[in-house]
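Both complexes below contain chain A, partnered by chain B and then by chain C.
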Partner chain A sequence: MKNVLGVIGLLVVVCLLTALASEHFMTGRNIENLMRRTALFGLLGLGAAFVIVTGGIDLSIGSIVCLVGCLTPYLVVECGWAPGLTVAFVLGVAALLGVVHGLLITRLRLQPFLVTLCGLLIYRGIARGITGDQSQGFRSGFSDLRFWGNGRLEVGVFDFAVPAPAVVLAVVAILAAIALSHTVFGRYLRAIGRNEQAARYAGIATDRCVVAAYTVCALLAGLGGLLFVFDVGSAQPADFGNVYELYAIAAAVLGGCSLRGGEVSVLGVVVGAAVMQVLRNAITLVPWIPDAIEYAVIGGVILAGVAIDEVVKRAVAQRRLRNSV
Partner chain B sequence: MPTRSVLAILLCFVAFASSACTRHEASDTPTYAFVSNGIDPYWVIAQAGVEKAGRDLGVDVVVHMPASGINDQKRILEDLLTRQVAGIAVSPIDPANQVEQLDDIAARIPLLTTDSDARESQRLCFVGVDNYVAGRMAGELVREALPDGGAIAVFVGRLEQDNAARRRAGLIDELLGREPDPTRHDPADATLEGNGFRIVGTLTDQFDMAKAKANVEDMISRHPDLDGAVGLFAYNAPMILEAVRQAGRIGDIAIVGFDERDETLAGVSDGSIHGTVVQNPFMYGYRSIELLHQIDSGDRSGIPADGFERIPARAIRKAEVDAFWAEKKELLGT
Partner chain C sequence: MLNARGIGRRFPGVMALDGVDLDVRAGEVLGIVGENGAGKSTLMKVLAGVEQPDDGELIVDGLHVSLTSTADAHRLGIVLIHQELALADTLTIAESIFLGRETTRFGFTQARDEHRAARRWLELVGLDVKPTRRIDSLTLAQRQLVEIARALSTEARVLIMDEPTACLSPTESSRLFDVVRSLRAAGVAVVLISHRLGEVEALADRVVVLRDGRRVGELVGEDVRAAQMVPLMVGRDLAAHATDHERALGPALLNVRSVTQDDLASETSMTIRAGEIVALSGLVGSGRTELLETLFGLRARSAGTVHVGDRAVRSGSPRAAIAAGMAFVSEDRKATGLLLEETLTTNIGLARLALRREGDGLLAAGIFPSRPNERALAHASIGELAIRPTDASRTTATLSGGNQQKVVLARWLAIGPRVLLLDEPTRGVDVGAKAEIYALLRQLARDGLAILFASSDLEEVLALADRVLVMHDGALRGELPVDEASEESILQYATGQTPT
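On to the complex of A and B.
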């Protein structure tokens, strides 16, 4: 919990500042937009967290988002597949890609960075090849299917409705929290992240756990891709989901996951994803922040946030040390 | 205690922010937004037009350029609605699949499309060039440069954009001497022949500059007999020029481009590019804001009956380039 306080503080500060700078920030519609975007990026972040906790990395998340995002409308609209079958198929493909990543990493002992970097290149290439580089969309149809990406669950207050992806995220986050904190599997993943060799000598089937972690990550990337394309309505193979793996990894690390492995917080990851979405929202809402410096603002605020968090933590630790002496 | 120091830092932030942002909340002049389809110097010229209109009309304007495709454009449009701007002019990235969102905006505030249209949406009108006519103009430039015909390659960012598709249709119809049909779609990799011209292919680069240049290099390798290269988006002509220059084929491969990049104009000026078809992004920006303000004030007389506010394109050859360049510099105030 302590690791999460910093990022929650950062989110609160960013929200407060934006609310002060723009009267439109705290409107029902805007909060709904932010919840939807946070949910979509949060799913990717949670996937990344499963891999990062084992000390690994997955760079192919954005390309899996692209592959699933392009394949889904392609199969449903161009090829006339049944929506249910398509969803099962694309999620199956995503999960299978994760299994392949895991096997290459555990059996062939290839570096996760390399395996998933190649995945990044291959899956986007496949998406572009299959679709002939043409954008794929639902052409304003399939609104039932698209509900889980752009649907709203009315609550009857203000202009606010709970976005459907937020419900998906809530379910996934609860399952992830249980899996990571209250199951043997979760404990094994942490153990692998802290010291894989020690974990193996302790009798943990580390290979199987690592394969499972990459599978969960790819599956969640696929689910994210599915919901992204349901939300946006179309996907361009060349840029859909581009660099989303960095947003996912950043959300996970911002939310308290150590890139060295062994540490994870589901709540932190979701809050980390929210911080980035609020920052991007602020740049459009606040009149005096020019668009052009968007990335500089996001980078600067996050860096300042984690730096302050670190300084505060150290001051606390020092004071504690002094008090105990 | 830690909570106290966190609180202190928080308060500093709040104090800073509130001092920085009070001046903007009081104004009650309407704000109009202009949203491009990407980041490009072309849009900077449009931005100059938007800002000039803002000053002339005494209204607030904002310009947004989505950095990463359709997701980004969707987010920006949502946030502009949240911000309650009084009207939006947008260049939709994928019109066929954005109808829903555009209609949602059009139901709340005046919405125009600019540069690239979304015909099926409820937008009030389209401010831009007739891209099919502009494509034909480019075709005429190619014919001037290659009176005996030849093998032509076409380069463009994205073909799914309405403006790109129509420019390409106009160019090909003009070169092959076919019946005019602005909505015809030839497959990108098809070889099309007629009238002495052979279109060897259309390559897309999705706004990736390195790819745009590599496309030209690859086409030169694949078709050593290439006689002409046409770039349909602003950055394509400079990329073609670079690749053709590196291949040592200047003067041998005729280049025709679109828009008014400095590199393109320099190429036209020194003769390495035969000509370029220029739109008027400055007027897109200016006229969009002018129309939005007029509509927002309750006067809809400015909307053309066919929903198409035509801003004509011009062909710039060596003879016209100096005067045109001077005009561009004046508009940008550089």
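On to the complex of A and C.
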């Protein structure tokens, strides 16, 4: 809990500053949109967290979003597949890609960075190939299906409604929190991140756990891809989901995950995703911030956030050391 | 030329050094001896600028100095050669020697000049290999000599060697001693830290003995003898090491038949009975660790069978070995044993959780660890093994080596093993904890466990074992009941000579 306070503080500060700078920030519609974007990116961030806690990394998240996002409208519109079958199929494909990543990493001992970097290139290439590099959309149909991405659950206050993806995220986040903090699986993942050799020597089936982590990550990327395309309505294979893996990793790191592995906080990841969406929102809303410098602002705030966090942690550790002598 | 006055260094909860004086003189080999945890390594780190003392002062050539980094120490000609060698595997010998001090022209490295210079230093340390060889193609002994060549090339006047022969064969060691003697003749001051008192006796002109962070004695010239050092180092009677060989032996518990593995030279068979403690002796690199790891399934065997009782153990799976009742305390508890940043509770429960035994109180509904029961287990283990401090929610990294080792033992005892394998069970463990671990292992044997431990410490082997198996070059070469075993007889097998 303690390590989440930092990112929550950051979220509060960013929200306050944005609200002061723009009167459009604290409107029902804007908050609703922020929640929707946060939910979508939060799913990707949670997936990334499962891999990062083992000390690994997944760079293919954005390309899986692209593959799923393009295949789904392509299959239901161009090929006439049933929506239910399509959803099951694309999620199955995503999970399978995760299994393949995991097996390449554990069996062939390839480095996660390398395996998933190749995934990043391959899946986008496949998506562009299958679709002939043409934008894929639902046209105006399939509103039942698309509800999961663009749906609004009215609560009868102002013009605010709870976006459907936020419900999905809430469910996934609760499941992820239980899995990571209260099950033996979560314990094993953390043990692997701390010291994979020690975990293996203690009799943990480390390879199986690592494969499972990459599978969860790819599956959540797939789920995110589905909801993204349901929300937007169409996907352009050349740029759909581009650099989303970096947003996911940044959310996880902001939320207290160490890239060295072993540390994770589900709440932190979700708040981390929210910080990034508020920043993007601020850049759009606040008139004196030029849109063109979006990446620079996001990068700068994340860097400042983790740097301050590190300095504070060191100061605390120093004081503890002094007190213990 | 180098004088230390009243050096003190505190770590959380321990005085690592307490008012230590030390004079290092040119053209002299100074031995530093003491038990593990006596403060030898800390003192050397202070002299070499790796750590800063909390009290005291350092005087070099009559001037007060403060060394805040190894670079400061290097400038004054003080170089520490670490116990674990610090060379980058993929560089060449010449690149390693001049790392950080490259010969450059217009910003380009001058390989040919470096090779020529490197050859001169290699010659000086008696290492006859091409300076273009990569470090990872060298033996440990050769790497050691490269480190010394590197130190000499910086014009070191004080050379501090921390356990230089820990990984060397007797021939390699004696070569190294010749180099040390020639350095002494050339006026270099050599500070030698070693557990092998025989070496210190042979090499040192003077010996300083440390115990519990204090300087407890100094021996000069004729008095530099192991028999004089030991009482100073231990400071009390060795009664804790007294042997006990009156255990009733039960049926055979560990049965190893014709096991082969790529890193072992020949078929291995052995039987260990319930209540028996067997030592696996041999020099470093003789295959002891490889054999233990093969038995535990960390390395797949190519042929042969392993049984715990009547239960066959599948090859290449530590999980299968554990399920059959085997436990393995590995040699390097930091790299392969503990989750250092996690609590004692998590570490102690780990193996038992991984076993996922049905109906185990540690698990609820098969997938949720039960925190209260984990804590109860940790508290019970802490009490039983006298782990200090007793707080189960502490981070494991904050414990001393001996207590960390007890945490590893607690983890394995929690699964109720029948066969206990240990690799260097008291490495980096202080004297007190060592005696406790010996007593614990004897108690476990009386309770009917079969125990097989590998150790380089012959005293430990002789104190603990009922039977000694000796390895040389990846194969079991000899077997000695403890009453026939002596340091000499074990070493004969270990060095490949056939005893007459």
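Definition applied: the second predicted complex is superposed on the first by the 309 of 325 C-alpha atoms of A that agree within 3 Å, B and C clash if a C-alpha of one lies under 4 Å from a C-alpha of the other, contacts with A are read in each partner's own complex, and residues count from 1 in each chain.
Operating definition for what follows: a contact is a pair of C-beta atoms (placed from the backbone, for glycine too) under 8 Å apart; a residue touches a chain by one contact, two chains touch by 3 or more.
Keep in mind it's a predicted model, so treat the numbers as computed, not measured.
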item	value
Chain A as common anchor, with chain B and chain C clashing or fitting	fit
Angle, in degrees and to the nearest 10, that opens at chain A between the C-alpha centres of chain B and chain C	130
Partner chain(s) touched by A:194 [first = chain B, second = chain C, both, neither]	second
Partner chain(s) touched by A:204 [first = chain B, second = chain C, both, neither]	second
Which superposed partner A:233 touches (first chain B, second chain C, both, neither)	first
Touched partner set for A:155, first chain B, second chain C, both or neither	neither
First, second, both or neither for A:303, with chain B first and chain C second	neither
Touched partner set for A:285, first chain B, second chain C, both or neither	first
Contacts of A:13 with chain B and chain C, given as first, second, both or neither	first
Touched partner set for A:33, first chain B, second chain C, both or neither	first
Partner touching more residues of chain A, whether chain B or chain C	B
Minimal inter-chain CA distance - chain C and chain B, angstrom	23
Those residues of chain A which chain B touches in one complex and chain C touches in the other	none
Contacting residues of chain A [partner chain B, same complex]	9, 12-13, 16-17, 20-25, 27, 29-30, 33, 37, 132-135, 137-140, 228, 231-236, 238-240, 242-243, 280-281, 284-288, 291-292, 294-295, 308, 312, 315-316
Parts of chain B lying in touch with chain A, wherever the complex brings them together	2, 5-6, 9-10, 13-14, 17-18, 20-21, 24-25, 31, 60, 62-65, 67-71, 74-76, 78-84, 93-94, 96-101, 158-160, 188, 204, 206-208
Partner chain A, residues of chain C touching it in the complex	10-13, 298, 318-319, 322, 328, 330, 335-342, 346, 350-351, 353-356, 363, 367-369, 411
Chain C-facing residues of chain A, complex	182-185, 187-188, 190-191, 194-195, 197-205, 262, 321, 324-325
